[in-house]
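Attaching a single structure in structure tokens format; questions to follow.
As written, the chains take the letters A, B, C, D and E, and residue 1 is the first residue of each chain.
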Amino acid sequence: MSDLDTKERIQPATAPGEGIAVQFVGDADFPTQDMSVSIGPAHPATHGVFRIVLELDGERVKQATPVVGYMHRGFEKLAEHRDFRQIMALVNRHDWLSGFSNELGVALAVEQMMEMEVPDRAQWIRMLMAEWNRILNHLMFVGSYALELGAITPMFYAFRERDDIQHLLESATGGRLHFTYNQPGGLKIDLPKGFLKESVQVSQTVRTRLPDYFDLVLGNEIFQGRTKGVGPLPPDVALSVGATGPTLQATGVAEDSRVTEPYLKYGEIDVEVPVGENGDSFDRFYCLLHRIRTSLDIIDQIHDHMPAGPVNTKLPKMVKAPEGATYVRTENPLGQLGYWLESDGGRTPWRLKMRTPSFSNVQTMPYLMEGALLPDAISILGSVFFVVGDIDR
Amino acid sequence: MGLMDQVELPQPVKYVFNWGRKYSLWCFNFGLACCAIEFIAASTSRHDFIRHGVIPFAHGPRQADLLVVSGTLTDKMAPAVKRLYEEMPEPKYVISFGSCSNCGGPYWDSYSVTKGVDQIIPVDVYVPGCPPRPEALLDGIIALQDRIQNESLKDRMADRRKDPITLGADAPLALGSSS
Amino acid sequence: MMASLTHATTTVAQTVSLFDGFDGFVLPVILKLVFVLAAFFVLPLVGGYLEHKVMGRMQHRRGPVEAGPFGSLQLVADGIKFIQKEDLIPSAADRWVFAIAPGVALVPAMLVFLVIPFGPGVFALDFELGLFYALAAISVSVLGVLMGGWASANKFSLIGGLRAGAQLVAYELPLIIAAITVAVQAGTLSLVGIVESQATFQLFGTGINVWFVFPQIVGFAIFFVAAMAELSRPPFDMPIGDSELVFGYMTEYTGIKYAMYMLTEYAGMISMSALMVVLYLGGWQLLPGVPLPGCEAGGGLFDCSPTGIALGVAITIAKIMALVFLMVWARVAYPRLREDQLQRVCWLVLVPLSLANLAVVTIAKVVF
Amino acid sequence: MSPLGPLLLATLLFCIGLYGVIARRNAVLVLISIELMLNAVNINLVAFQNLLFPDEVAVSGLMFALFITGVAAAEIGVGLAIVFNMFRNRASIDVDDVDLMRW
Amino acid sequence: MTGHDVIFVLVGLLTASAAILTVTSKNLVHAALFLAVTLAGVAGVFLTLAADFLALVQLLVYVGAVAVLFLFGLMLTRAPIGREALDNQKRGLAIAVSGGLFVLLSTLIIGAVGSGALGETSVAEVAGPRIEDIGIATFAEWVLPFEVLSMLLLAALIGAIVLARPESGESGEEAEVTRIEMGDAPSSEGPQPLPDGSAPELTSGQGTEGSS
């Protein structure tokens, strides 16, 4: 049914549960009429205010159009009105599941511009925190993806672990989601006493509970039936839209900034990058689960390496980056996060441009959803892991 | 509805009805941003507000009694919130969870953020924090339940915006006070 | 209906009803109605509470705690709340169809309770065609679902209604075939008669007294799966799958009408479980072939003292709740199937399997 | 009870079905009307079964009614399939529009 | 009038009025719903005629399956509303024919019953056949028609599937033509998972090691 313009299109809904009459208006020459279903911005499946408009023929998706911008808060503009220390408290909120990794990128950019020497211990602690943060993020998606496929329990299991980890991180940073632990030149304060011991313990706990997810979710026949072969993504398509993180790794491309362009001390330890084969929903989820495991491996290595020493450098009263620009990319939990930081020598950035992984990842959706069934579309929607704030900024 | 918002019910009936509403707050989570994660944390095993009868399995607004607006409300999203609120059947309650939905939070100077959800819908309980801890949400829920137990539906329907609860307005937030 | 009631009581042979001790005609009828209504309204609440608590325990939570002792009044609170809610009808909806659809779903679910034997002599009606009647009544519920889905004038509702219709009609087939297999084995369609025949049924050639679940483990599995699909319970909950269709055909329903749909679902869980208990798990018998304490004559099936009756009812309800527990377990453990996978399971697995089961059982019945 | 009631009811249902078949142009409604007529026949069969074979063993009328039920189910399956095909090919389920075979 | 009569009259009135609404309703879905009521009413008539088994078959097959099938079909197709869309212009003729037939037949029936040509038996005194009798009859005297009916049902099943799914199957070449004619070809670009969930052939030539 190509010529949609000959028919009156039903006005797409903006929210579920509203009373839109299913009137099959239109040209009488056509046997069936496409139904336009708006998933979101407050649909249970979109975890957040993402919206995707599906043109359905029966239950088959003919066209999927993501509509973004419902969570646009103007981060890039707001950052121009915060000084370099205040930015930390701002940027960790755009991808609210990976607060530490977000602020890490800005800290690295500022340090690069100011040519600061960051103490070793601070760098190792940053890695530790970033990996813990990665696990936090991935656990959330383990739970929510299973929830989207109709399994409610993994969410509760995932949050049990998340609460343990958040408790640990809170003891050092004082925050549960938004840590604001970085500052240019290092960290705000040192780790509290006994933190590393606790960290080892939590890592062991999470490691012993990890098989639960592999068995309960990944090993479930229904889960496999719902995800295997659903939404396969060829690597060239993934690369052409700039997808990164698990979405790209599932297609078999082992791209990971921690390996290909190591920052902090990632060059000194082994970082394993799990890859998938087909790039389907199952592989994306498989990569996600395995990234938890590799992060735990990294954490164990960091525990062995942790040096003593100071965690920050003395900062001037007013942090002013010299005139110039820099680009820093880090491996955020969801993919590659890039900051383009431009300064005119003042106390605030002149421009802070974000390259967020979620935005690039959701570009794959129109490709993935076309021709899929409605339940498969949901399966795809959940498996291309994204955070709405990270898309819209 | 219809009758109950116009007639003052006799005390025993009112008690039973209020008790029913108090312990059956099916909750529609309007998860917008960061606070939605803390909302989910509050619903899961450690904090577990389901034991208070706050059931988070209402998928649509039609079955919900309690709307928890958690996160930053943008101007683009505001009509949807308004619409969802209006789709909920009376009697309905609203908890504004987090600084963003209270007043705009860290984005107070942003061009695209609505500075407070109470600009478009009436709010019963404000829970401050950025994001508030799950315990704060529990505190807000208990405060709301106390109010429901003692309220008169007639008065409530007459003036919905009367005297909202603001947690921690006069006393420090009682963390972990959930029973 | 009157004719059938009187007709049914004349055709049933030796069964002694609990209510036969009362003189007159009106009192037993009222008692039976009260009994059926009580079972219909109380047991689903117990099942719902069990679901809350079991789900909670399996997810490292406690379930409801505050409403009533141990949260036991949670569903009562839900009910009190639902009757206070505003009754919204979408402006585009078909008002009448929208309004009566939950009732159309609810009433058949209630009528099933008429024939379910809950204990020795504790049943409203021993019908010669009891099993057939139960299946026929269950099959009518789908009308209410379709009506609700269509009348809501909501896309999600319509898709949910269509899915529910396709699913319920499809899974009726294996359900009925599995039930008929039991009827073949028992030689009767009366639910009481099936319980009775299980008391004396012996495994071929061994002389060991067993329930029908042993020779018919395949049939039991088919019936269980089909029953879960009939009830739209996870993993077969596509009609109301929240991540796809918000709430399916119930999306637009508020207040008491929504509560009626929910009650239908939970009453369905109870009645399906009760059917399974009767068909496969020996009804109110504690052990196969062993009379209940307090029940002496007649194989310990009917001639019971009040203790025996109470024990029988308790055993039946315990078995029902055990099956409800299994359904809740499935809900906790499994994700949702896809619609085409669901139909595939039905037509390619369950229907051939149930037909083969029927053939095997029939041959065995004739041979032995 | 007099057999008059069931027989008159059956007649009435049959005539209503006949009206539907003639007056409706929607194919699904025509099928629905045919169902009414078949049901009228069933009532008749059962009434005459009771009237003519009051003993319990002879069940000819019931058997006929059962067979009609089965045939009706088959008819609906095929009939609806034809209607869908018609709808798909001609975007209309009006029986008046189906005139390809008419000369 | 006995209680039996009263119940029959009530059920009969319900059935007849629902039937009339079925053929006069302006809304297709309403018509199908009234059909369901009519069918349930006929089941009630069977009950009063002591045909319990038939009543349950009526419920199971007609109300639970046929009416559902109708509703399903109506929801899948576009349901026009309004008398013009549903009725043709032969309403007068229809009323004349059906009304005439009704008058004719009812006169005959009343005459026959009044004259005692149908015997003296009253339909309500019949106990009705037991389920065993029906079963024995089905598989003894009626076994041949029964088998024929099962063949018919099988044929109808296959026929319905073939008719309703011209574009079914993963390969169906002949279906392609129809689809283009109708203009509702599902888009063929993009990876389209096969209905059994297996992935179509992928063109993944990239290595597994880092490519950037």
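We adopt the following convention: contacts are C-beta pairs under 8 Å (C-beta built on N, C-alpha and C of every residue); 3 or more make two chains touch, one makes a residue touch a chain.
Remember, predicted model here, so these are calculated numbers, not experimental data.
The greatest number of inter-chain C-beta pairs in contact is found between D-E. Put simply, the chain farthest from chain D by mean CA position is A. Seen from the Cα centre of chain E, the chain whose own Cα centre is farthest off is A. Taking the mean of each chain's C-alpha atoms, the chain whose centre lies closest to the overall C-alpha mean is C.
In terms of their C-alpha centroids, the spacing between chain A and chain C amounts to 45 Å.
One inter-chain figure worth recording: chain C and chain E are separated by 26 Å, centre to centre, where each centre is the mean of the chain's CA atoms.
As a whole-number value, the distance joining the C-alpha centres of chain B and chain D reads 57 Å. A separation of 52 Å divides the Cα centre of chain A from that of chain E. Looking at chain C, one finds that residues 59-61, 158, 242, 246-247, 251-252, 338, 340-341 touch two or more other chains.
Counting partners per residue, chain A has 16-18, 30-32, 44, 156, 160, 225-226, 373, 376 as the residues that reach two or more other chains. Residue numbers of chain D whose C-beta contacts span two or more other chains: 87-89.
Against chain E, in their complex, chain D makes its touches with residues 1-9, 11-20, 22-26, 28-29, 31-33, 35-36, 39, 42-43, 46-47, 49-52, 54, 56-59, 62-63, 65-67, 69-78, 80-85, 87-89, 93, 96.
Against chain B, in their complex, chain A makes its touches with residues 14-18, 41-42, 44, 47-49, 69-74, 77-78, 81, 89-90, 93, 96-97, 140, 155-156, 159-160, 162-163, 166, 176-178, 388-389. Every residue of chain C that touches chain A in the complex is listed here, in rising order: 55, 58-61, 90-93, 152-156, 158-159, 234-235, 237-238, 241-244, 246-247, 251-252, 331-341. Interface residues of chain C facing chain E in the complex, by the touch rule stated above, are 1-4, 7-8, 10-11, 94, 97, 128-129, 132-133, 135-137, 139-140, 142-143, 146-147, 149-150, 158, 161-162, 165-166, 168-169, 172, 176, 189, 338, 340-341, 344. Partner chain C is touched in their complex by these residues of chain B: 1-2, 4, 16-17, 19-24, 26, 44-45, 48, 50-53, 55, 57, 59-60, 62-63, 65, 87, 89-91, 153.
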